[in-house]
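All chains are identified by letter, namely A, B and C, in their written order; residue positions are counted from 1 within each chain.
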């Protein structure tokens, strides 16, 4: 009798514990930001730093690792403000080579999809 | 089985002894099962009391709980056997008072809801009111015991100076239980359901003195986006709990109580189209098991272990279109585990007087983490407690109850790790303050003296209680407590 | 007893993850610094890199530890604990931009960098200055003044060159050029080199070893034809003793000797069309430029002579003329240039459109007597810098009061 009751108790406990809240641990995703380059330029070399600021906590992270004209970094999933600053060397339609600063910005972009969240940011070439 | 009450001049009143003795009061976990609560006492007892409770800390040990308070309460409670096989009990009370120097918390029930609270740096004193209604009924059908209970609490806490917080709490618990008696043992199982709600708001009358209210998300982390002027919150919550117990019927043997439960509390921003910001989950498992022997000389040896896991889910909110906030994802950002394990020995005698000594040695652990940016707070402690109680008859009919307890808490190790550079200075100061006290050593001494004086020829008696305690903290600060009670019992 | 087992299980589960000891990353942690793309020959000095652990608030500092490797500029930290860090780097860069040497300070920060055994590389790009603008001709005073008696006085001509960028640039080897061709005579030149080469009548270079003449952002240097106090001889003139450099010629004509203010360094004379004393075309029919001379004087004199011909029409007859005594400077060496002319006579812009697509003036007619005592001055934009759209019609204020005239 005692043994059976013990067993029932154990089963009951397990059932209760199994109904416990599962931790949601899908914390990070890869944020891939591709710079939108104007058609009129032919890029020779581009570099820059992308800064992501979480809209919820205002924490910032940055990366200067560019692959072509794309940044990839692992971030905590959520909503972000994105700023990119850098320089690009290109040949224009007239064939002349120029080096100019550029900037890209968005006030809001969500990076929540797993395993990859993508965004495209058009660049603005600054006067030189 | 009821026994007739007789007031013997030499021994303290058995009713009083039964209801006041620490020996019986260690059974309070069992009594959570209404079916077993009906078997708690053989004698009836009813009282009406007026209470004053005063606490003061020279410096707040926990900023969110303030430096103390002065509380007045009027309470009526009763425990009655309606017949051989049914019992009824109930309680009604009203409390009013003041809490002092609360900072970094603009909500009530801080310990229940933390860290997911609304907070500001200024705070102040608060006025408090509380209503409690409890009632239960238990009955016996041969070997089967059944019972049901309802507990209701309503609280109102508010401040009359800026920042004017106002919190209204309603807390309803329903319990139902059953127990089965064999020849030697009593096996019980009970279930409890709880519904909890709190509404909070903070207003400022002086426009130039408006300060931001922070949505705290754990160990100093702040949900910056919704902090500042989102001053209307409500908490929706509740949960379930399960109680299992076994105890010997004939006063000697192995006993065990198990409690498991899960509760959740969701914080919702009312002014943002009822956007849920966070949800706190609390899972508890508690085990108490040991051996007791009742009789003129009685003792018990038991182990007590409690494990609590609290998890906090944060909603990552996206961009709002016309006050409609989409939730991009929900992540468990806050984790807290608490452990309390102790060994207990109680020994006592019931002869001319009723006296007991109790010894407890235990270990507690509290670990909190916030996932990113990483924050951690941990502390581990050893503690020991020695208590004694003595109930004796005084004069013809009076009863004097004296109790003394000394507790010692010693810190084993502790750690606080927060991203100091990326956290606001005021928040870092608050965390450091609380941590100083979390890892401190404490020595607590409590005493209480109660005198019961029967009046008239019936069961009625007048009584008074004076109690006080001092807590010494290794940080050099202290806490003092004073309780005064006047009551009538019958 | 299973109850005790449950108890001990609870205890052991939570005391499992006691990671109190900080984990040291075995591999070195590297910081790569990417330099601005428009800079060449970059060197880093006086660098200071601070890596601060965000939780422990402990700081690691590397001083002068940036090394130039085949993969760029790298600094290395050893024995770094895993954790989250804030980075702050400062230093000084020396570089050349469009051939001109310059220096600038840099400062770059990054927050919340996670360093662990699998993440040991940090990278920053230096964007804290733009280094755009370079040297510009900010003022040319070529008309000269008149004496109180009304006679022409051209000795007080000067040109002002300004560093229009936000970095310190070095003016060593920058030469002042006056064009050989005139904007009022659009002859057909053979060979026509005008698109990518400037035929010059005068080349006077600022001397130096490469870092002798630093010019801070926004500052100017004045090149005066004669750096003397002209007020002594002409009450309408200017005191140019504070000029930075002076045009000095050793004249072949003993009657006309150049004055040499020994307190003012002389420009290095590479070529002048006249064997006597240089002065700018004071009716403003020639184009002026500044260029970075990329050859030694001897090499340039040897290789860059311009022997051209042109056809001049006169009374219906076409004459073959030779362009005499001219040298040429590649347009790629030219840093800034302006076309000068007068409205009545303008025929063509000597400098190509990418150097100056417009022209500016003091005076409107062939021998405009009202031109004296006036200069062309570059406009200042709302950002405090000189406007430079490579169009002097837009960029210059014509017939302006010379900045050096006091009254």
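The criterion applied here is as follows: contacts are C-beta pairs under 8 Å (C-beta built on N, C-alpha and C of every residue); 3 or more make two chains touch, one makes a residue touch a chain.
Every value quoted in this text rests on a predicted model; they were computed, and no experiment measured them.
A.B. asks: Comparing the two chain pairs, does B-C have more C-beta contacts than A-B, or is it the other way round?
C.D. replies: A-B
A.B. asks: Any idea which chain sits dead centre by C-alpha averages?
C.D. replies: Chain nearest the overall C-alpha centroid, as shown: A.
A.B. asks: Which integer distance in Å separates the CA centroid of subunit A from that of subunit C?
C.D. replies: Taking the average C-alpha coordinate of subunit A and of subunit C, the gap between them is 40 Å.
A.B. asks: Round to the nearest whole Å and give the separation of the Cα centres of subunit A and subunit B.
C.D. replies: 45
A.B. asks: Nearest whole angstrom, what separates the Cα centre of subunit B from the Cα centre of subunit C?
C.D. replies: About 76 Å separates the centre of subunit B from that of subunit C.
A.B. asks: Which residues does subunit C have that touch at least 2 chains other than itself?
C.D. replies: Residues 111-112 of subunit C touch two or more partner chains.
A.B. asks: If you look at subunit A, which of its residues touch at least two other chains?
C.D. replies: 59
A.B. asks: Counting only residues that touch at least 2 other chains, which ones in subunit B make the list?
C.D. replies: In subunit B, 285, 373, 422 touch at least two other chains.
A.B. asks: Note which residues of subunit C are touching subunit B in the complex, please.
C.D. replies: Interface residues on the subunit C side: 1, 3-4, 6-7, 10-11, 14-15, 20, 52, 54-57, 84, 86, 111-112.
A.B. asks: Can you check the complex and tell me which residues of subunit B touch subunit A?
C.D. replies: 182, 187, 221-226, 242, 244, 246, 258, 260, 262, 264, 281, 283, 285, 311, 313, 316-319, 328-332, 335, 371-373, 422
A.B. asks: Quick one: in the complex, what on subunit C touches subunit A?
C.D. replies: Within the complex, subunit C touches subunit A at residues 2, 34, 36-38, 110-113, 123-125, 127, 130, 132, 354.
A.B. asks: Please name which positions on subunit B make contact with subunit C in the complex.
C.D. replies: Spelled out, the residues of subunit B in touch with subunit C are 256, 285, 287, 289, 303, 305, 307, 337, 339, 341, 365, 367, 373-375, 415, 417-422.
A.B. asks: List the residues on subunit A that touch subunit B in their complex, please.
C.D. replies: 1, 5, 9, 12-13, 16-17, 19-21, 23-27, 55-59, 76-79, 108, 110, 112
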